[in-house]
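See the structures that follow.
Next come two complexes built around chain A: one with chain B, the other with chain C.
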Partner chain A sequence: MTAPASQILQNRLVALCREGADTFRRMARSALVIHEGQHACAVLDANGRLLAQEQGEPSQLAAVRDTVRRLVDYFSFNIADGDMLLVGDPYFGGTSGGYLTVVRPVQAGGDIAFFAAVRFAAVDLAGNVPGLLQPDAHEVWQESLRVTPVKLNRGGNPQKDVLRYVLRNTRAPDCLRGDLAAAFAATSRVADKIGATIDAHGLAALTAAAEYGIAYARSRAIRSLGGIAASGQGKASLVEDGFGAIEVVARFEQEGDAIRVDLGASSPTHNRSANLTPSATRAAVVAQLFAGLLDEIVVNEGLLDAVTIAVGEDRCVNPAYPAAVSLGWRLVAPLVSAALAEATGGTAVLSAAAPTMVVFDTVGSRDQTEPVQLSPAYRPAAGAAGGNTLDGMRVTPSAEELETAGTFRLLSREFDDHGGIVAEVEIARDGLEAIIPPTGDVNRPVVRQRRRLTRERSNVLDLDAGALVTFAYARRDLGGSDAVR
Partner chain B sequence: MQSADMIRARVVAGAFDTAAEEMSATVTRTARSPIFNEAHDFTTGIFELHEGKTRLIAQAPGCTLHLYAICSAVQAALDVFKNDLHPGDIILASDPGHGGTHIPDHVVILPVFADRKPVFFPVVRAHFADSGGPVAGGYNPASRDIWQDGVVVPPLKLYEKGERRGDVFDLILANNRAESWLKGDLDAMRGACLTAARGIERVVERFGLADVRQAIDHNIAYTERRVRAEIAAWPDGDYFAETFIDHDYQGAHDIRVACTARVRGSDITFDFTGSAPQVDGFVNSTLANTLSFVFVAIASCVDEDVPINEGYINPVKVVAPEGTVINPRWPKPVGNCTCICGAEIAEVALLALSQCAPERVGVNCHKLPLAYTSGHYADGKPWISLNFHGYTGGAGAAYGTDGWGLYPPLMTGVILPSIEMNEMQYPMRIERHEYVRDTEGAGLWRGAPGVGTRIRFLAENITNAMLAGVRHPTRGFCGGHDGPPNALALTSEGIRTAVTEVVYNHRLASDSTIEFLRGGGGGWGQPFGRPETSVLADVLNDYVSPEAAHSVYGVAINLETMTVDEDTTARLRSPVPAAAQ
Partner chain C sequence: MAVASRKWSLGIDVGGTFTDIVLSGADGEVHTTKTPSTKDQSDGVLAGIGKIAGQIGLTLASLLSDVSIIVHGTTVATNALLEYRGAKVGLITTEGFRDELEFRRSYKESTFNPRLEAPHAICPRRLRIGVPERVDSKGAVLTALDETAVRKAARFLAAEGVQAISVCYLFSFIRPDHERRTRELIEEECPGLYVSLSHEVLPEIREFERVSTTVVNAYVGPAIKSYISHLDDKLRAEGFAGELFIMQSNGGMLTAAETTRHAVGTLLSGPAGGVTAAAMIGELAGYKNLMTVDMGGTSYDISVIANLTPGMTTESWLARYRIALPMLDIHTIGAGGGSIAWIDNGGALRVGPESAGSLPGPACYGRGGTRPTTTDVNLILGLLNPDFFLGGEMKLDIKAATEAVRVHVAEPLGIGVIEAAQAISEIVNNNMADASHLVTTRRGLDPRDFALVAVGGAGALHAGRQAELLGMTSVLVPAAGPVFCALGDTVANLKVSESRTHFGKLATLDIADLNARFDEMEAVARRRLAGQNVTDDFELRRGLDLRYEGEVHELTVPLRTRTRRVTALNIDATVRAFHDQHEQLFAHKDVNHPVELLTLRVDVVGVRDTIRLCGASFGSENAAEAVKNTRPIWFSGGRADATVYDGEKLRPGHFITGPAAIENWGTTIIVYPDQEALIDSYGNCIIENGRAGSLQ
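== the complex of A and B ==
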């Protein structure tokens, strides 16, 4: 097979992933998918090796691969045509609770040849407070339902009791039902098209093309680091209110084609939820080292494994079970990025998390509630239009969109004197509560209202109609964070 | 009915009762969690599918508050799987919105086939050590919705046609902190059902299905006749009572539970119209729980030799308006309902019945100073202790008997775990567990004295503590005094924290203590009528102080001879103070 032919077939896989991601995004109901781009679509081989992937934002980079690889091991020889597998567990290749991966096997030549997978963030999957961010959690059970590998369809037969179990443990069952249906549709579409591609070109050609793509991505990834020093070390830390100190120590070594990042000297498992799972840690490392390549080459096994990562045991970059992890990407990933940037003499690509407020109907007041992750702008940078390209498919909501449901009014959104953005949102109705997850810097949203903001014995904010919330977004090219050092 | 039929009915009933009791013994002897094998916080029963509905045909003595709840849960589970049942299926469920009570109480159900149809269902209902969610142990005093109570388990099959569904099994285990216990407990529950299945199959084989069913009809009719006879002995009328829940742990206080008992011939309706609207905190009672505690109240008024089966329930109707604290709408939290407001539901039903059947009511006591503790063993595995000893004691009096003590709350039937076993299973030492003087509800028959307990923990832990029965302690009946309030205190690193209502996720250092005062039971009848010799015995046993004997019972004790001072007593008791009449 010629290189151009391999490239064409490799691009076919990429196109399938894009189509799957697009299909899913257009059908999904979760605001975290539609507005925040928290989804991915991937094609993997029978061993769970990633062949191509389209993701909405970088935290998803390694999770589909890590999840499916373990899924293959878990079900071993018990995967059949017509199965639809579901998994969403931080301790099973995932990143954080509430991120679900739907996987469909694709048969060829009488055996499983590929997997089509869609991963997405549900708006809620039980847990201590509505939504997926759980600042007070210290155990994984407090963050969400753990969805260990389970068959939603077995040989084409729906496992209704399993679906009922999952839907019974979300505050937004209709939304999740829609998202799962969208994921079914998207994976089925991708699977069908893989089948059509095999019919047209043959399994061997497609496999060879995938191998070619993996080798190419690996080669490009290694070459992209050619200009940097052979070794280096960096540190980054933050002290977040009530969270204690977190430090990431990164050692970088490069010898020939071997690139190694050692994060094992980072601080121990955090006693709250500021922990990165190994999959999320890999995503942060890959995003930092290969940010410039993410739009150029295929995200596949070659890119993900271009670097060997050591994370040690019982570290904030590889927490000891059952530690909570929901704030890992917001708090620890920027530290990984900053520490690696120092180690490699580069610039951190993951800035401190954007200020966000998670708003939801008063807990217990409705049989369904869809928490909204409110963040009306982005961290700007001098000379760059729009948000960080690494935010991927995240969409800055328009004023009209924010105001449609009658919950918010966007009063202002403008640049300040320092090139940052300040936005002010009014809470338009009663009956709402919120949490404000930490950002890792001083840019937390500020709420002003007449009534007391906190209630006795409550771990959430009690919002008043007319409350004003100010979001300040510092420039990311200035570090984006006062706390990340 | 001919005598041969009657005899066969009793033999069949005995066989089912035996099967249910074998289930109970199997769970006790094979379960891993101390909550099962030491505290016996479970119930076993056998159901029959009859004209599309399940009906209870046998139940082993167990945790009383599961009695009716088990019926609703089984019906809800079988509604889901009625067209999809196979020999060897095992169903697991705990869904407060569909026949459940609070989430920790799970049911395991096995269909037993006869004539190629699912006819019988041995069931185990048991309190799991953990049920996922925000706090270890399943009682989250900060809960404001069902998901803050824990992980809901709608009916699902753990086994299908005898084969374990590994992925579903692992899914259940993954959402439980006490995974290693749960594995064993689920096996024990399944094993108990399989044991019962063998017994059931033997009965059917011996008598044939038609005759077995006829026998079941007879047994249920017999129980119903006995219960109806009891109710018919009560004068027709409407009997109203009300009681109050102290608080909901979220700021609401004095939450009303109202009940009118309407007796009409041999039928009785408990109408809870007038009860408070549902509350934010986790004291709302699911309908199944409300029915269960009404059943507990009725059961305590009926002769104990009446077999427990569907016939018990037939004469009783409950009106529970939706959206109230005794029948909340989804997703209001219900995590504490088997303690609060279950206690108040039984109490108010008994208070209503005390007006028409005063000599039948009593033994009221369930308001608990609840504190549970979790930590990790040296190997990293979690432990969760419900600290059963702290809740022990305090049964109320009934007509003809003082409240008996040193059992856990009477309305559960949970067995007091052995202190030695507890100290082996948990890093704890139980330093004190004894009656406390002057903590009984006085009466012609007095409540059991309160019990003071001190537990010292040898390892760091997290404790949640929630107090009830303080603003509205356990009520007495027919002139008997109320029991005194409960009390709870935590001491860690020299700092003592008296719990006023709730302490949430409190970190206790090693060598910390929890002190419980479980208030005594309420009395029955006015205390000035209590025989002097009984009061003297109470003083000699140090249940009652001489001062209280004098002021509360009107009995003067000569402290030198430790005998009753007859003259002074006669003066004190004559005339009987109006307030004591």
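== the complex of A and C ==
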């Protein structure tokens, strides 16, 4: 196979991932998928090596690979044509509770040759409070149901008891059923097309193309760091109300083709949910080091493994089981980015998270409740389009759609005098509760209502109709350097 | 039933390089010509009409006096937006929401780049003014319109020198009173300004989509208004007494007067003619499902026509601004004859999106270009004849092309020039095929069910290979390829697309209320079609935007009725069609899941008598009389000697076996190995692909 021929077939894999992600996003019900971009679609080889991936936001960069790799080990030879695997566990290659990965094997010549996978954020999957952000959790079980590896389909036959079990553990079963159906459809479409590509070109050619793609991505990744210092160290920290101090220390070294990032001197495992799983830590490192490259090349094994990451034991970047992790991406990932930026002399790519409020029907008042992760604007930067890279392809809600849905009325949303954005939202009906997750170094939303704002069940706020919530989005500072790494 | 009585119709398409003219007579007589485009597009238009008049022995004035209608595809609005040369625009909006246009719902074209540059501000912040007013989602006035504030804003904007004012208030699509009153106040304070109201431009929910479309309308409106008025004056001065129509982005045409009010509807005015022509030519050739590909110097445009109905979208972006009007869905990638091949710093071969354009152009043009392009590669591989480019008007320099490929691709990759050229060609072909594949599969369609219509200067060079890669059976290269968009202009129908957001659960829909809303929309659409004498034959097409409750993405589903009234049975049938369409698109349906309504749509189409192209009888299959010579061509499977035909000498019925090259003035058609070509009654070249059925 010539290099251009391999390149063409590798591009075919990329196009399949794009098509799968597009299909899933259009079918999905969850606002976390549609508006927040919390999904990915990937093609992997029989060993769980990532060959191509399309994702809506950066926290997913390494999670599909890390999850499927563990799945291959877990099921060993017990994966057959027609199986549909499901897993959702932060301690099984994941990033946070409530993220589910659906995987379908693709056979060639009687053996498993590839996997097609879709990963997405469920709108709710048990946990202490509705939604996926669990500021009060100390342990993983308080955050979500841990979906250990199961087969949703076995040899093409749906395992209804498994599906029923999962849907009984969400407060929004209709929404999750829709998202799972979308994930099935998208995964199947990609798997079928991988099969067609094998039929047209042969397994050997596709395998050679995959190897070419991996080598190419690794080469581009390493070259992209050519202009920066061989080594450096950086630190970033924050002190969050109720969460104490968190610090990330990054040491960066490169020698030839070897690039090493050591985060082992970072704070120990956080006693609440400000922890990054190793997969999420890798995503933050890759996003920071290769942001300038990620629009040009496909995310695959070559890119993910271009850098060796040491995370130490029992650290906030590699927490000791069973620590909670749901706020790791919002609180710790920006610190990883900032520390690495300092170490490499670049600009932090992941800025502190936007102020957010999770609103839901008063617990126990309805059979089903779909929590809304409300954040009506984004953190702008002078002269730049869109928001924080931390949020990926997130789109802000339409004021008219919000109001028509009957829960919120957006009263204003404009730039403030400092280049940030201020938005004010009125709560349009009674019977709502909310939590306000911490935001790092950005203001939290401020709630004003006539009745005293009470905190039911730890940090759950009891909202009244007419309550006003002000969201202030500080401007992102991109620094003076153009060097984004 | 056509009402027009004069003899001739003119279709005119102004492109970047040429202005194309098609003159068609009521008896099926068709004449075509091309003339260089001019800075003032009307100069080229008049020159072109004069040229075609000369072809049939008339003067400009005598021809124009006998022309009943002119349909014009123009790039005035497109260029104004793409080059950011539109009007100075102000915006009056609901207080507290003046920055929605700039926020763009936080959309960005790159997931990872934190400093992606913001788009050029076509309405900068100081010209965006919020005024007190507020209507809620039920249409109740929460805050009355502050007329003093509106007057003050209008005066300020006028003093700033704006040429147009756009107005967009929250929920104006439900209650437009405030916007209407604002227009009155603006006209009182600063008469003569172009005013664009959001509820008229796009009466649909989602304020960013509406404000963006409305501001773009104001931005391009004065330019369109001025151009049409200027052109109309010139035509009338030369004796034109018929009607002037402008092609619209929805594939229809509208009167010049109506176009000036909805200028944003002309953003795809140019390419729209091509899609319309493809549907007509495809139907004549017996195809209902067509994929049109237009390959020019810098881009490759793909559009899909399923069951003779062009695909539409409301999700367009142009010049990084959101245009939410229903428009023909034309997908563009950066692959054209001028696309440059290069080696990236990982050693991979890339082609495009950078283009050599027409100046310096490909290396083989001999205008100073040194970097290898797709055109250079086509020359090296033998697909192009160096002595017959533009009918021999321009000689191509094969040595320069070879040198460019050798230096920039072959040597860095350590391969020979031919191998490098083949690699570049295959990458271009596969990029185009991948894009075409996505365009169809995104709609739940299979490209193998489509015939490929290839237009543009380079389209027919690559079409045969596209058919191979996509598993398609047939390729159709229209005889009118060089003036294809102008041909489409001559056959376009009048068309107005109206929409209204109207929420409701289908299970509890008030049918009487629905009918009243449709009646109102139809009345508006018919008013927009008034003032023309081309047709009194109107078709009403209704549609509903539906989605499963809880879904965000809606599907537009045709609502078919036997009578003027919509009945409950019609709604049931539409819901069934929705489930089927959902399954076709997403491989999933849930007939038990509640369906909700988001938007009502009405198209009123004024049907014209189309031109009757005169088909010729088939003659002999033997095309030997058209053979010029043979030349070697390098295909993906290797070198083969191809028979070269003079396209001018080919006649209906001629049958050609690949490999072959058919040379015409503006294009060369390549018939690949295992393909056969037939010249049909209308002079179109129809290629059958022997390798159809499987995706490669």
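Quick note on the criterion: the second predicted complex is superposed on the first by the 468 of 485 C-alpha atoms of A that agree within 3 Å, B and C clash if a C-alpha of one lies under 4 Å from a C-alpha of the other, contacts with A are read in each partner's own complex, and residues count from 1 in each chain.
Quick note on the criterion: contacts are C-beta pairs under 8 Å (C-beta built on N, C-alpha and C of every residue); 3 or more make two chains touch, one makes a residue touch a chain.
A quick note: this is a predicted structure, and the numbers were derived from the prediction, not measured.
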item: Combined model on chain A where chain B meets chain C, clash or fit; value: fit
item: Partner chain in contact with A:Val395 - chain B first, chain C second, else both or neither; value: second
item: Contacts of A:Gly97 with chain B and chain C, given as first, second, both or neither; value: neither
item: First, second, both or neither for A:Asp22, with chain B first and chain C second; value: second
item: Which of chain B and chain C A:Asn459 touches, first, second, both or neither; value: first
item: Chain A: partner with more touched residues, chain B or chain C; value: C
item: Contacts of A:Val147 with chain B and chain C, given as first, second, both or neither; value: first
item: First (chain B), second (chain C), both or neither touched by A:Asp161; value: first
item: Chain C, chain A and chain B - angle at the middle CA centre, rounded to the nearest 10 degrees; value: 130
item: Partner chain in contact with A:Asp367 - chain B first, chain C second, else both or neither; value: first
item: Partner chain in contact with A:Gly232 - chain B first, chain C second, else both or neither; value: neither
item: Minimal inter-chain CA distance - chain C and chain B, angstrom; value: 21
item: Chain A positions touched by chain B in one structure and by chain C in the second; value: none
item: Residue ranges of chain B in contact with chain A within the complex; value: 80, 95, 132-136, 142, 144-145, 147-148, 151-157, 167-168, 170-171, 174-175, 177, 249-251, 280, 329-333, 502, 504
item: For the chain A and chain B complex, residues of the former touching the latter; value: 74-75, 89, 126-128, 137, 139, 141-142, 145-151, 161-162, 164-165, 168-171, 322, 363-364, 366-367, 455-459
item: Complex contacts: residues of chain C adjacent to chain A; value: 95-100, 102-119, 125, 130, 136-137, 170-171, 205-209, 320, 344-349, 413, 415, 419, 423, 426-427, 430-431, 434, 437-438, 441-442, 503, 548, 550-553, 585-588, 590, 694-696
item: Chain C partner contacts - residues on chain A that touch it in the complex; value: 2-5, 7-8, 11-12, 15, 18-19, 22-23, 26-27, 29, 31, 34-35, 37, 55-58, 174-175, 178, 181-182, 184-185, 188-189, 196-197, 199-201, 216-217, 219-220, 223, 287, 291-292, 294-297, 347, 349, 351, 370, 377-378, 380-381, 383-389, 391-396, 398-401, 403-404, 409, 411-415, 421, 424, 476, 478, 482, 484
